[in-house]
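Labels run A, B, C and D following the written order; every chain starts at residue 1.
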């Protein structure tokens, strides 16, 4: 693996070239339009960042522009809940891949209100319930947690997106009420959804996202602050679930073709953990039919292939 | 990773201790009884082997006793089909986790006869169809392939198990006919099932299994014969699907708690790939409710934990 | 059909004998306990009434005690919506049997938010949406409608049941939000559920219920008031859907063994329409595993058999 | 019901007019093409017959041309099995509407190999299993039974259709093997399918079909031969299941708009039972998306409306 010798130079150059190549091609895909606030984002935005454990940050394109992280927030929510609840959380949410669309209600009924994993919507709503129940102000706790990880006080909610999410959240409401009917939601459904929509509305840039998740590549310790965020075991666990379930119903294909723990969001962002090395974060708003950003997917696939990053 | 310095000693000792510990405890679980030929196996059998890329083989307990590899044969079938068909095979079988029991027919109907991945029964039957269609004698080709990988001419079919499988194969016949109805089976269903039951009836020992799959830990090249079995890319791919889908509906939990690509069979065997290092194979007939061997699972979990083998 | 000669005497005697026989046997089944207000009803209550088109009313046992009509209210809701909307309602709710439990959410997702028929919960919630949207006060309109049909101003809501329903309505909330997510609910979900729980909480006696539905046995005209409630065609239609879908997932068996359009509720009531003759209504709180009253079912089955009432 | 006075004249005239009207309009729909032998039938064929209990036979159009009765044969199979097995058959097949396409395999898996009713494919295959197990030659027994009912020795199998069915029967094979895997098929699957395809390949004309099923309109006694074919109770039962489940997934709509027990087949035939009066049989090959003949459906709907035949 010769790239290790002059890794930094190599990575920076790889990012630039891959970003340039992807910008030179026409962009497939379609910006998410299920809420108006997302539909208005410029489809041509495109950025990528690679933060390494030794403190380097490589970036190309719109890597410093904040975007709606959407489902990527599920990673922060889960880690915060694991910190607070320990292993008890796994009594109420599974860790198996779902084999169903991310917002399917079918499997939730079959499995009596226990979501398959914390990265489908039902699972993240369940996690939101634990946060609402364990913090006096779960929103504030969530925001402080992310800001500390990102080393950035600027990260904040987009109020327009938040209002839009709340108005178009019927399916998530259905999931929450169904779990409530099985006794697997403790707080009031309205409060749980409120937290869930709040965290989905967070905006961060590629560089902020990459930096914030470095602890997952470093056995639970954030390399910049030296804060232990999770145990080594829990860092492995989060990476394991990301590997099987982080990319909607393209998770298997992503493992197959890239081979890294990763999470995507319908805002067009993708983060990928490279254990022992760092975190890649890419963003471009147009999505493929699975809800994953076409350009972010291409850039991460090419980068992982070029640098030989697959964990398998 | 200090164990690398004196890895061999360390691994051998770990195997002995872990095997002794598991034998000292009462054994949970139940020997597979869906066919009579499996139900008669001695539940107390228990072995483990760890083959490394540098040619070492560590073993403890019944590591040299052949057992029915059952679904582990799906790995050999897939690799042989990938050799023969290249990427075309992925037009006819998916690579996504299934989220359903391994022999469920529901998802197969929803998805119009395209199995979710090659490690559920429908997927392996599909792979069997490609072998039957591409080889003049697919059974002989399969057996030669495995024997060459294992470096062992002794490996053979258990005729009693084969007869038993064929008599109790109604559900697999249902899967095959359903795929045929969607046009996704080319050969005669009887021939396809015949091959499928044949490969399930293969017997191998832990040491033979571990040695035969070393190429998956070595980017496609078998370290003992120097034969290139797959491209590096295809070795990654097989490991990726093993990671998301190799352990029935405990695949997520295995990734979570062990963190290695692995495949289990209802004969009580489990193989786990340690990329860059070697292959672990364990066997004990009693199964948990997911169809995975309880003792083999315990031994691999403890070994991986102790040696820090998780890829995540 | 010799009973016609002295039908009245015959029917009255049949009711008495059948009621006595059922009271002489121990009662199987279990009072509904999903809400506390229902669980406290005396399990030994048992009544039956048979209202005929010529104005006779036969009754036995607790036929004049009001009970919670629960899902039987779906019939009134549907008829009122058909009056108001005409055939447009069939664009938003189907008329096919469901083959699923009455509160299943699976089929609703598969079929994109269109409930299979108006007698499963999702369908009745959809009907409630149309009432809320078409009446300035849908609750008052509903209550007036039922009171007029029953010829009884006394019929009213049980406030304790209403409060209890609202507190335990998570699954119905899930159904409503899921339909909303498919665009098939127009009003606010809270208002729709409010109306739905209101109508479920109505209390009526066997005699009131039997009288109120006589128009369905008389091609749409209420024989006592001479009011045309529906067209003959719509009366046929309601009876047709009652025949295929009125008795939860025992509808087929009820058609098979009794052969009358009918609707049951978890309060223990059952109404059965005898086209051209009259309406039978029976009540006893203990339910079988399908949610139908065991004693009411027995009494209606025996009465229909004895009087030869099957329409098939 | 004034038509009874001069019913015969009235009915004959109605048939002629309705047939003429339907022939005057262009024909929607598409001839079944899942097997070549059916696809070659002339789409313009169209006939209707109405046999009454008093021995009259009214007919219009191609009422005497034999056509492939396909699923209508399920009625004969069920009645023959009920004769032979009595109520025991209801331990192995249900009587509930299915809410699923006629050849769906999903529900069969959920319900552990017990088909929902005898008129979906799985149910009819189950019935075929009982015939194969109870008769030394089930095919001969079936053919003799139908010929006796139709008063016609000419009725026979179309060998070309039979061969075609067998070659394209993968989905039915999947259903049979799945039931076998649950222990709900006793005979060899090949023998069961063989009988099933045999009965599907029977050819009869509208007049023969109408005459053969008169016993269902006459409480179990064939009015022409005076043979008791079933008990009155069993005749009611068959009519009840026909009412809820005879018209594929248009059964609810047919009950709603016509209101008669009926069975359709993909050969384009429909039979409808008019209890106490007679049997209507119509045929025209082009099918709607539910698999029901568009013209046969139109003719029966108009006839039932005009003569006021709805049982509801």
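Quick note on the criterion: a residue touches a chain if its C-beta (ideal position, glycine included) is under 8 Å from a C-beta of that chain, and two chains touch if they have at least 3 such contacts.
Quick caveat, the model's predicted, so the values are computed rather than measured.
Q: What is the touch distance from chain B to chain C, in steps?
A: 2
Q: With centres defined as the mean C-alpha position, give me the chain C-chain D separation in Å.
A: Taking the average C-alpha coordinate of chain C and of chain D, the gap between them is 32 Å.
Q: Just give me the whole-number Å value for how far the CA centre of chain A lies from that of chain D.
A: 56
Q: Would you kindly tell me how far, in whole Å, the mean C-alpha position of chain C lies from that of chain A?
A: 49
Q: What chain-chain pairs meet the touch criterion?
A: A-B, A-C, B-D, C-D
Q: With touch defined as at the start, can you tell me which chain C residues reach chain D in the complex?
A: Contact set of chain C toward chain D: 94-100, 107, 116-117, 235-237, 239-241, 243-245, 249-253, 255-257, 259, 261, 275, 310-312.
Q: Taking the touch rule as given, give the residues of chain C at its contact with chain A in the complex, in rising order.
A: Listed in rising order, the residues of chain C that touch chain A are 104-106, 109-110, 170-171, 173-178, 180-181, 189.
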